[in-house]
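Which chain is which? They are A, B, C and D, in the order written, and residues in each are numbered from 1.
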Amino acid sequence: MIPDKFTYFAPTTLSEAWSLLQNHPDEAKLLAGGQSLIPLMKFRLATPAYVIDMRKIPGLDTLEERNGYLAIGAMTRESALEKSAVVRRRYTGIYEASSVIADPLVRNFATVGGNLAHADPANDHPAMLLAMRASVVAASPRGQRTLTVDDFIVDTMETALTPDEILTEIHIPSPTAHSGSAYVKFERKVGDYAISAVGVQLALNGDTISQAGIGLTNLGPKAIRAAAAETFLVGKQPTEENLREAARLAASAAQPMADLRGPESYKRAITQTLAGRALRAAAQRAQAGAQ
Amino acid sequence: MTQHVKLTINGQAYEADIEPRLLLVHFIREVANLTGTHIGCDTTSCGACTVQVNGVPAKSCTLFAVQVEGDEIRTVEGLEVGGKLSPIQEGFFQEHGLQCGYCTPGMMMTAEAFLRENPHPTDDEIRRAISGNLCRCTGYVNIVKAIQYAAKAQHEPETAPTAPAEVTP
Amino acid sequence: MTTDTPEIHGMGHSVKRKEDARFLRGKGHYVDDIKLPGMLYMDIVRSPYAHANITKIDASKALALPGVLAVVTGKDLDAAGLAWMPTLMSDKQMVLPVDRVVYQAQEVAAVIATERYIAADAITQVDVEYEPLQPVIDPFKALQPDAPLVRPDREQKTNHIWHWEAGDAARTDAMFKNAEVVIQQDLYIPRIHVSSIETCGCVASWDPVDSKLTVYMTTQAPHAIRTVFSLVTGIPEHKIRIISPDIGGGFGGKVPVYPGYVIACVASLQTGRPVKWIEDRSENLQADSFARDYHISAELAATKDGKMQALRVKTLADHGAFDAAANPSKFPAGLFSVITGSYDLEAAHVAVDGVYTNKPSGGVAYRCSFRVTEAVHTIERMVDKLAQTLSLDPADVRMANFIPPEAFPYKSATGWEYDSGNYPAALRKAMDDIGYADLRREQAEKRARGELMGIGISNFTEIVGAGPSHTFDILGIKMFDSCEIRVHPTGSAIARIGVQTQGQGHETTFAQIVAEELGLPVENITVEHGDTDTAPYGLGTYASRSTPTAGAATAVAARKIRDKAKKIAAHLLEANVDDVEWQNYKFQVKGTPGRSVTMKDVAFAAYTNFPSDVEAGLEAVDYYDPPNMTFPFGAYICVVDIDRGTGQVKIRRFVAVDDCGNIINPMIVDGQIHGGLTMGMAPALLEAITYDENGNIQQGTLMEYLLPTAMETPAWETDKTVTPSPHHPFGAKGVGESATVGAPPAIANAVVDALSHLGVTHIDIPITPWKVYELLVAHGAAEL
Amino acid sequence: MHFEGTLDIKAPMVTVYQFVVDPNRVAECAPGFKSMEILAPDHFKPTLAVGIGAVKATFTLDVTLEDTHEPDHAAMHGRGSAAGSAVDMSASMSLTPTSDTETRMAWVADVNISGTLASVGSRLIEGTAHRLTANFFDCFRTKLEAS
């Protein structure tokens, strides 16, 4: 499997990248980690005439907590998230999502920005980022704008980025001390996309849930926010009964299609199971943080 | 249209005018003539092509050579130092961690880098670390043992008799 | 003149592998590593349709690309009489189609270019126009009168290929008529693919000066390939040299002759330059031959107290568009008739019908010995279902029905003569190793708590080492195998063998056989194979036949050398030949251990100081025709836990007790079993090839065809019993495939066992989480 | 893959009918329409660059209109290939007037994709094909109501 010919650029500034995008509309493709794009190119299902490699643009591999949020540069490797003590401790769901994407070797080169901007409904970050109420920074020659992940992901492999916009950073609001998050993925084997996966973040105020975020992976044309389940949980205590009801509501937000990973009814059912497990884990973590 | 690239493989500099679409694995195998790195799939699934890029294991079939311009690549041919097998090679030899040998170079490149990060792994950690490398022959049992052997050998450099020197066919 | 006996490391030693020295250093020589001067590259245009007429092939755009030398089509080959080639099963197969494709991803045209990348560009520029035809996908529908014909080229205007039977139908029917208990079960053993990590490929090099064709290729059977090539092309056999270099896994997938090999040869003949063809993984997965695909309907007759009496089996075998399996000629359904397994049955009857469908060829091995996996899965599931029906412990039912150890050699109800076995001993050992009674107690406790845990047994009998010339041939060539040994003057030796390693470690184990027989240190023995110009003729390595056939030949050739050496030893010892004996790896004068010479001494004398009535030199060759098959066996026990929330099956423990007779190298046997178990587990839980109604393969890449990683693979536990083969020169049996054959029913039985109290009696492989979950839902045991 | 749908179009049936048997109008609604070659009033070859995200495949479809019954039924059949893949599609439309100025269109489409796209992209194909097909017919309404 050999990719088609293309012209390669490795700009060193965002401005350079923008002008390349503007000069080659429709024909240029940004290359981040390449772990999704390059296989598509090998099958010639993607045949961009121009490939713009982002690797030499400085400042895109940030991973730091700033005032009130975690900033993840678009070019930050999945393996960096997996290895970060801060991510593991405070953004556990993100850590868990990062550590089940594809396989360890792919994660060494795959980037968070690529995972998000590829907008494959089977990718693991979008759902978890929905749960964490993350936003993304999109930069263009006209300046930069911040949009929520809900607004960023439009449809299957379709984002809100304009042709000359580049995703530069992902911002995840720092959780309160009494928060917990979890990502529970069920896959056929390592390296597979999820049959179903659920990302959850819960914040507690005393013993009631003050904020709930729930995202679903590979259960529809794009990552799904389980809004009814979130609404149900807010103001309630994280009792087993409430979490079970939330899991049921979360599963009813799924829009699965039958495929080799199983029939529709199965995917819906295990989404309830996985949502229950993710909710319990997040609640426990939130409660542990509260102690 | 070609592009001039320079990169280092196993400490040796290589320069060539290549098409940007040339995959790193083909650069290694066809330009540098280092055929220890293999190809086993089209979908970044098997890991037979695993090399280290600046010390980090990567699937070289899913990188363009132009993407690693200026980087340090290490392949299986770079494991042996001064005519002495590295601990990971020794481990695969002692524990019968290979059969057909096709996945072995990639497996060792992953394992060698992993042991630098985790010098005292559990078996489960090893299994997780090599889960991007497929082996069809061994059932992984002896690969796990081989990596444990290497983990221990790193700490006690002098070990059992080594694999026979390479015989030129 | 006695010298100290050095360490021999013959039979039974875990000698570290000789071949590792090159593999560990990245210095293996696989086909894609071969580069010849002036070499060209071939890439293949493939059909997106499963069944279509080709109305036009326009290669002009491809030929216009700089670097493209030729585009070969079926019409070109047809002109040379090479558009079709014979299969190993008395069928024929398209090399390139002239006017019709019969499966998706079938080769349609080949592009020859100066570079790999240019060839890849060029295949996208060959315009092929198709007129789609209705594909035949379901083998049952294929037999309906209105089904489209897959193979209109045949005289018989039907999709039925052959009917084959074994056993005694009348006697079996009579037993069923009077049976107290009859168990029935339909089983589907899905189509699977070996997917060795190295795909197939070759470098074909025609030397116009010498008129000689050299082909480096990924083949498990170089000699047979040479003969077929010679018959097909008319090139004299001495002008064809097939070289099997290092092979990155075979498992049966590298036995057939694929069109790509033949086209590359034609291209080299046409261009006068070497031509390399290396498959992509997706081509390998989509177009190379497949295994299994058996639709089985089985019945078992038994008494009320669980004594098994008779077995009746009907099977539909989906062979795809060409019957290109690699079975011995007389066995279109392989050795499926070994289906009575380890059990003493009074009667059995098996009938199999082969069917064409619009899929790539089926029926090659997947690390199994000619359909034994399908047979073992059937009988081992049936035994369990009998136990479940009668509320008996499956271990007890097995113990009560085993062929007793004293009954060997044993004639089975379908006519096989089992050479040796001790089934109760193996099962008892497995039960002890895993703590069977404790597990049953744990299971009862867990059931009371609503947890799902299952214990599954498989007590398989294999049949390997094809085979005796009275029964076994491929294209008429009898299935002997060979070895040629030459001892050098200074006491080292070379052994050339007719079989071909793909990772089994022949360079080490065959050296051990020679070491054992000749008393020469193993490190002084070189083993060569895979080059038809130098190795003796042999049928190759598959179906676990290397040790039973070529291994035997090696021992016999070495013994021939020893017989001659004895004469030279007598000369050196100045003794009568009859007074010389072989003891402790030395020749000594009977009763006088002090008067001895080593083989090294004798070897030197064979070239420097041999008696006048003995020829110089020390070498021998043996073509070994085995008197019977060998019947390795084993007892496997698997413990699974099932997640009621997802249907996920986790193998907690798996104990494999294998018996392959006397062992050459325990380390290597253990490795073979680990790998075999993994390739048994894979189709039980993960792997299957399916097609949609249009004939699109649904697992065309490794993204969807699920090879297990280290994470899905349990830490296998192995153990052994040793029951030597009475007819093999050193009592060995084959072992490479035992575990692949034996493991699937242990896993399936464990899953059914976990669900048996709910009323579940069967589940087809692969046991996917959703299949389990749907059973849980159906029986009210799913948990959300 | 089988899809079907119903559209209520604010246009008289005769106008709708004329639209759906006009290759130029129909082709404009095809996903990723690039260009077209018209061989006969009922035989045309549009070139389409169909894609989602990074995945793009350029097909030249060979389309024939068939089974047309003025004024209430039309059907078409198309076939094409790209990137080691083949596409076969057939679609039919039945029209019923809901008023003098409004028409209900019931459409049925069968789309078969074979080859690389099917084997590599099967996971995303059904959803995408459904979306593209629905967009195709929705586009009829948009164009008809705009004119």
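Observations
Simple rule for what comes next: contacts are C-beta pairs under 8 Å (C-beta built on N, C-alpha and C of every residue); 3 or more make two chains touch, one makes a residue touch a chain.
Only a predicted model underlies this, so the values are computations on that prediction, with no experimental measurement involved.
Each of B-C and A-B has its own count of C-beta contacts, and the greater count is at B-C. Centroids built from CA atoms put subunit D at 50 Å from subunit B. Centre-to-centre separation of subunit B and subunit C, using mean CA positions: 29 Å. Measuring from the averaged C-alpha position of subunit A to that of subunit B gives a distance of 30 Å.
Here the CA centre of subunit C is 49 Å from the CA centre of subunit D. Residue positions of subunit D with contacts to 2 or more other chains are 83-84, 116, 120, 122.
Residue positions 1-2, 4-5, 43-44, 103, 190-191, 260 of subunit A are each in touch with at least two other chains. Shared interface positions of subunit B, defined as residues touching 2 or more other chains, are 19, 21, 42-43, 45, 128, 131-133. Per the contact rule defined earlier, chains pair up in contact as A-B, A-C, A-D, B-C, C-D. Per the touch definition, subunit A reaches subunit C in the complex via residues 1-2, 4-5, 43-44, 103, 186, 188-192, 195, 244, 247-248, 260-263, 266, 269-270, 272-274, 276-277.
Across the complex, subunit D meets subunit C through its residues 79, 81, 83-86, 88, 112-116, 118-120, 122.
Here subunit C touches subunit A in the complex through residues 116-117, 120-121, 124, 280-282, 645-648, 686, 690, 698-699, 703-704, 706, 708-709, 711-712, 768-770, 773-774, 777, 782-784, going by the rule given at the top. On the subunit A side of its complex with subunit B, the touching residues are 1-8, 10, 31, 34-35, 38-39, 41-43, 51, 53, 55, 79, 102-106, 108-109, 190-191.
In the complex of the two chains, the subunit B residues touching subunit A come out as 1, 3, 19-21, 23, 42-45, 47, 50, 56-59, 61-64, 66-67, 69, 110, 128-129, 131-133.
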